[in-house]
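What follows is a group of structures, each given as structure tokens.
Each of the next two complexes has chain A plus one other chain: chain B in the first, chain C in the second.
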Partner chain A sequence: MTLEATHCLLRMYDDHHNLEDYQGGVPRWCTGCGDNAILTAMQRLCRDNDLRPEKTVFVSGIGCSSRLPHYMRTYGFHGIHGRALPVAEGIKMARPDLNVFISTGDGDCCSIGAAHWIHGVRYNMNMTMVLHDNHVYGLTKKQASPTSPRGLKSNTTPRGSYLEALNPLSVTLGIQNVSFVAQAVDWIPEVLYDILTAAYKHRGFSFVRVIQRCPEFLPKMFDPWLQNPQKTLVLTHERGLRLSPAMAKVYKNQQEHDPLDMDRARQIASIDDPIPVGILYQNPEVPCYEDLRHSGQLRTADYVRAGLEAEFDKFTVWPAEGEQSKPAA
Partner chain B sequence: MSDTNILEPPTRTTKPPRAKRDVPTVKRNETIIEILSDSGEGAQRCGQSLASIAAKMGNGVWTVEIIPAEIQPPARSVAGASGNRVRIGSGPISNGGDEADLVVAFNEQVLLGRVRASELKPGCIILLESMWRSDRNPGVVASYTATYDQLVAAGYRVYEIPMEQECRKLVSDPRRGKNMFVLGVLCRIYSLDHDLAREQIAITFGKKDQKVIATNTDLLEAGWNWADANLDFRYSIPAARATQPQLVINGNTALALGVLASGMDICAMYPITPATSVSHYLSDVFERVGGLVHQAEDEIAACAFAIGASYAGKCSVTVTSGPGYSLKQEAIGLAVMCEIPMVVINVQRGGPSTGQPTKGEQGDLLTAIYGSHGDAPKVVIATSSIEDCFYAVITARKIAEMFNMVVVVLSDANLATGQQPFQRPQFSESWLAPPFDQSDIAAGSKPYDWDPVTGLARRFVPGQPHGMHTLTGLAHDRDSHVAYDPEINEEGLRHRSLKLAALQKTLRPPNVFGEDSGELLIVGWGSTKGAIEEAVERLRAEGLKVSSMHLQFLQPMAPGMKEIMQRFDKVMTVESNWSDDPNDAIIDEENRRYSALAMMLRARTLIDIDCWTEVRGRPIKPGTVAAAVRAKLKQ
Partner chain C sequence: MQMNVNVDTQTIDPLIFYMTGKQPGNGKDALAGQRPALLAPYADLTRLRYDFPLVLIEGKTDGVPVRSLSDAVDDLLRKIAPPGMESEQLRKMILRIEREIRILAAGGERGHLSELWDKVAARLEKQDESFGKSARIARAALDIDGPVLDCRTGMAADLIAHLWSAVQEDKARRFRTVVSRLAIKLADILRVDDSRSSAGRSATSLQAAVGPAHQSLFDFAAMSKLLPKSSPREALSESRRRRIESALVALKRQRFFAPLSAQAQPDQSVKPYAFRFDNCAAALSAYRQRLPDLAELVKAMSIAELEIDGNYIEGKHDVIFSSFDADSLSARDRVLFPDYLVTLGDGGTPPDNAALMAALSSEVPLKVLLNVGDLFEVTPAGEVNGALGVRSVQLARLATGLGEAFVLQSVSSNLYQLRERISRGLSFGGPALFSVFSGVPAQESSLPPYLSAAAAMQSRAFPAFSYDPSAGPDIASRFSLENNPQPDADWTVQPVEYADPEMQRISQDVAFTFVDFLVCDPRCHRHFVAVPRGFETERMASAAQWIARSPAEQSDIVPYILTVGDDNVLSRAIVDDRAIATARRCLENWHRLQESGGVHNSHAERLLKRERQIWEEQKREELANLKPAAAAAPTVVAPTTTPAQPVAAAPAQEAAAPERSPDEAYIETERCSTCNECTLLNDRMFAYNANKQAYIADIKAGTYAQLVEAAESCQLGIIHPGKPINKAESGLDELIARAQPFL
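Let's look at the complex of A and B:
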């Protein structure tokens, strides 16, 4: 399973890529859909980090957001609703040499795929997951999602949704082995890009929730935040996000936050107005499941054979003396 | 929990003869022994050891585990019976046989369930722990004596053995040591090799320290000597030592070794009886050959994980049973749609729902073939012996990768825990999966470049330059682009289906066991093979023109079967799944539900194939099959 050698060889042929090298089919999202911004940021990230398209896999579930792999020109796996994570984990386990990204929706991740989300955080495999959180089911045409604010009128909650919204940041921060949690908004692309880049560079499972606009079904939902930069709380730190001077002039509501500080991260996670943006938590020390599990052995035929014969030996009844001698080892 | 009502009415009374020395040894061709205890008293270990010793002597053996559904059922309860059936023969043994010839019971309650289920031969020998006769609890004493009296009255030859009393001479906790004492008793009764028995103790307790081995050897000797001094019967089952090395393992170990030998790297699973022991064993040994077992958060994740691993590298495997198999259906459909190779092992148990976790059944055939929504063609093969469990996985991996298909391997609880010696496999490099392709892909190649005749397309694996595409569970064209166009949709369906036909073209007609033509052909699949063929042998010995045919491939089915069937007057499947009884009041030809294989074969061959099924949560017995066939021939 070790691919280090081929990996090194391929590296020698590294060449530079441009944005078009990562652009696949023409996106079919609605005009103004926040998924477009996430796609653009991802393509920039791939280019700027010179990710080899053939060594990169975008995995998704089902939903508007899960269409993203089709719009990349890398390998892509558009699977089934809620199961993007286990598919991605299988890919990463078989192929630690691949760059793995996951796109998932709030229904995909926080509802049908919730078990995988919890366990995905716990496995802490080295990959980046983006939760496109538009607070509603888009593809199936406006049903309440677990992250819909209470009272949201939708096709399944015509008199308003009944339950408080689930907070994906708090949930993720509550899971053992969590190693990277960040939040971005689709309408500040520079910061979105910076956060996704930090997520990609983090070794471990990076969870990025992106608050994403769905102009089709919740056209005005985030208008107050778009109109008033003060309603965005930017978390800055030398180990976290650093705002450019131009951005800092617009987004004045800033707070120093050390991503190593879990207690404060949890407090920040529970704030929904202003919307916190930045890296809430990062712990580079958490071991990755694939590192814990890989034997590092090359599985040559001889190696497998030796292991198998040793097992056979344990269960073998040998013929009586003289009838046949044991085969040479 | 005490229960003394035995179904069988008293027929005759015999007083068990008392101990004598120098008893003659009676030769037998075969015998069936059961050892029953409360859970945790080690009857299973005793049975397995007995089987191993006999196998080493060159006897044919088959073991059947008797398993309570709960981990800690109440002591002295009918439902708590735990143990082993061991069938030992002079020649090869392919199934658990009919009724037991000798039963050892650690208390009278565990015996009752077996008596009621007619698992004991009339008049058979029963060796019963006698300590309950003097128990402090008068209820226990009453139950014991009443049962004892009834057993004797029913004609069984009951011998009371003071097992714990004898063991107490050697160990402080005789409840734990009894099983090896009993092993000694049985070795003496059946004239098994004394040295091999001692050796077996060393193997059984190999992981423990020397003291444990010494104590258990003493217990074995004590049992041997006690039987020698006190029992008035002795048997021998002549054995011929094999000239080739034999493996003695159960079906689940064989499946796990098959995974190892197939060259697959990754097994993803979620624990479920009776499949779990495959993963237990694999977890222990897989990493030693560079593989790994991933215990996922549920079966859906396990299946999706295997799919991801297969997609990015070599074919992977997921192992499960009934309820887990149901959960995997959507993901299996994804693998079918995207043409990702994957092996899915389903060790069937009783269903539906949680059903009978520890009991075997062949209830998942149609789910295996037709499971997942839409048209989801996959390959289904069934294992019919322990040896088959090993090779089936290797075959499955090869087919999966050659055809980019999901291959379902159906085993069941009977094979899972059954043990049978078979010839030690000779390793072949051709078993192993080749490394996955990382070569450059020529410009213009398409990820689904279906061959118009076979439906086959080359698979692109991440890492291959210029092969980039997004695989999707949505309907797609040859470029893997989402497409709802009616032509394209049918094109995909056609090519995925054609692969089954392409595989079918490579299969050979199944062998017929018995004559090539005759009055009745039995058709079976899976773990019933041994019982069916033994029944055929017996029936043929009676002069009946009965043959059988056992299917390894259930989807696609081998060619030439219709032609074989046409050479027989009647065809009937024998299966362990449900079929309506035509004699039931409201069942008629129009509404009768046939068993799974019968339904498949009727549709395929248009032959009026009948079925006989039994779903009693125990292996089908050769005697039962023979009786069913006799009845069918009288119709």
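Let's look at the complex of A and C:
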């Protein structure tokens, strides 16, 4: 908005939404699935920040996690496997005024979509990506994913997986232009909500890995961490996460960590046990790709038409000179 | 005391001259051609590289609308002739061209930099053929152009008008971007509605939308019949269409900014408004006449913003926009539109102070340039009385008292240094006053306007200051004395180097006082009498020292200043009492300015003194208390190097969670991860709160067995079943045992 007058009018009639205004349908995820916690945290985030549903887009790839846009009463794009990011980047480039969120899973992002993930981080466009990491392909009935721990027996690795699990945090922190990296777990919903809120408010590409349970195929995998709060390392800082007194009473294993400290962030990222939870890295100074590349040109009908013509002309086969004047055989 | 001085065969007593101001009666100006000793090195400004002339950059400015010629040439040298033997000749030639352009500008020649450059290069090429090639190389690399402006009368008006234009051009650019976008988006809304209308879906329209090469492939008549059945029927309401159309018309017919193209302004008879005036009354009148148009435009823009974002709600907004008028405009909205530039004092007519003050105390975005041409008041008989003209010098200070007007006072020679602050004032949302002294009129002064203006600032006759209401809430943030030389001192002090009669180098610190400024103006020479060489005595004190002395110390001593003539010989001139009295008033004015600028602030100094006294008192008491205690101490304790440890702060009191009884059934709601386990078990007993986290909604809506089962199935273990309420429920013993781990 340019005018104070418009701001005043909008303030006079502020629209407030309830959680239900963002609920798009009954989730078909399994009972106990961590996706439910992420969905709830997202809906709370939208409500508490008064995100207008028509100005909000959830983009996803393929997998259990990628069903999330169906359950949000906002715009959504349930895309193709591994390609959530290119779609989201296109949306953001064309409509920088929209709030863009990406839901992706450990298979969708870290396997088939790995190239887009790397460049998505490098582009640093202003959007929030949530990696639902349950360490397994659930939608296709238990196959090993890139983040499956070594030795995990699955339908594709009946003798146990052979490779060390890929660490999404370490990978992301190794990419140029990274500006926000955080990790949450689905079983601490308050912290999950706080981290998603911080990610949304960060101007740049926010990468949030959420370690989540798959009660169907890996029901016991995270039990030790659920039952023992000491096995969760909560990263706190005045510019990062602050635990409420109630949470601080349960999760006593806390560590002060400055989100601007990249070296320490990389060390923390490599810790498996206890699971680090909090904002590992945040640098608001990294430039956003849409700011660097946006032409500022108004997209009039003529402008769009001229652009399309120019693109089509690249593939046009022009008749050779004088060919048109040749007499028909 | 006998201290007679022979002045061209007439003998006068300096003391009597000081007291009476009576000159020897030969009517000859013995100080003709004299200037203050500190100005001796600046006899020929064209030989110096300094801020002037300026280049008022036209075209692409990259945010720098003005540059000094020297800066521009320095850039050029860095680009094509970096230091080194290879490019030494080119450097010399470019610097020669710069000097020649400076001489042309000082001689009153006007023109663009490119024109003057070519003129100089052609003339020098006639003298030396090798000049031509170098000049062309440099000319090709010169990436700025615009009028060259020397420091002369009227320079301030040209410079500030140029900077004002740059600010207005920025505003115009932003405005055009915003309005073009709004117009396109509004037109899009109408276009989409048109395409959904029956006319838009007619066979003819559909056919027109497809390229002619493929038109034969479609049955447009059939498509026209099918489309209305399959696409939404919602059309724009008549009221919304009218609202959008009238907003579009208002955006296109606005007169505050010139349209970029004739296409953007379909009605060629509508001319954009002018915003430059030569008096405040005309500017204010124009502003008030245009207010309704401004309100109409802001209303159209606001409607457009709401419509485009889908936020316009007729039931709420119609009533507001129906009464939207000039009173509805906020200061932040007015900032988007052009400012009114008023130039006063250019034609020598004194400004109407009352009208000026009224204009500056309004919220109207007037930017007023007050050209101060003369600091002295001229008596009705045509004599200069040497007193500071209150009207011109004090006006800017009075304007700071208005509170919400931006004020900048400076001399013309200093304007280039203050260019960013001037631009800030021109961008300021409210009224602004720029009071500029351009030097003693050329016909009245022996100095060029640049030196005359610089002398006014140096002598505190016309100090520089700025008052920026947008800089903060208090005077300390808003008021600045920056750019004044030695702002903490009464007078500026600089060394003067000269050779004594034995040709030995002497260096002497000399203060540049208001009296030194007076001697630059021949109209004030009657306040001085030259002291012939050899008549200097110890009964003379420099004007600065003399002013600083108490009256008792001043008896028998006369004040003088050091001057230098065209022959570069240093001499003294005795100053009369009236000139000294004026210098005192000038110093008092400067002291008041210093206080505003936080220098020697009497309130702060008084407070500091009081606090120091209190502190010293406390320390004395502490010492007095320590002495008896020390005397009573039985042993001497060895000093320790360990610093005292601060007392550990009491641990922050955590918001204590209510202690729950193990008999009570509850859920740690804030830890619930919305897994649906419990709600699927019994959605009347377990429910979600506003954050979609579970709590026990009604414990009686289910059995104790369900409570225990929910606790067992909750992966986070946050359901605590407590003790059964219904003691008659079957199998309680087993259930209580199962519940035990979750209590």
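Convention: the second predicted complex is superposed on the first by the 284 of 329 C-alpha atoms of A that agree within 3 Å, B and C clash if a C-alpha of one lies under 4 Å from a C-alpha of the other, contacts with A are read in each partner's own complex, and residues count from 1 in each chain.
The criterion applied here is as follows: a residue touches a chain if its C-beta (ideal position, glycine included) is under 8 Å from a C-beta of that chain, and two chains touch if they have at least 3 such contacts.
Please read these numbers as outputs of a predicted model, since none were measured by experiment.
By the document's definition of touching, neither partner reaches A:174: not chain B, not chain C.
In the superposition on chain A, A:83 makes contact with chain B only, while chain C stays out of contact range. Legend: residue contacts after superposition of the two complexes on their common chain; A:287 is shown touching neither chain B nor chain C.
Contacts of A:298 after superposition: both chain B and chain C are touched. Of the two partner chains, chain C is the only one touched by A:19; chain B is not.
Of the two partner chains, neither chain B nor chain C is touched by A:160. After overlaying the two complexes on the shared chain, residue contacts for A:54 are found with chain B and with chain C alike. Among chain B and chain C, the chain that touches a larger number of residues in chain A is B. In the superposition on chain A, A:224 makes contact with neither chain B nor chain C. Contacts of chain A with chain B, set against its contacts with chain C after fitting on chain A, overlap at residues 1, 6, 54, 298-299, 301. Remark: chain A residues 1, 6, 24-25, 53-55, 57-59, 62, 69-70, 72-80, 83, 85-95, 97-98, 115-116, 118-119, 293-295, 297-299, 301, 303-312, 315-320, 323-324, 326-327 touch chain B in the complex. If you check the complex, the residues on chain A that touch chain C are 1-6, 8-10, 12-13, 18-19, 31-34, 36-37, 39-40, 43-44, 54, 186-190, 213, 215, 223, 226-227, 244-250, 296, 298-301. Those residues of chain C whose C-beta lies close enough to touch chain A in the complex are 177-178, 180-181, 184, 191, 298-299, 301-302, 305-306, 310-311, 313, 316-317, 320, 324, 328-330, 332-333, 336, 654-657, 670-677, 680, 690-693, 715-717. Chain B meets chain A in the complex at residues 55-56, 58, 241-249, 253, 257, 260-261, 263, 265-266, 268, 285, 287-292, 294, 296-298, 300-314, 316, 330-331, 333-334, 421, 424-425, 427, 429, 432, 438, 462-474, 481-482.
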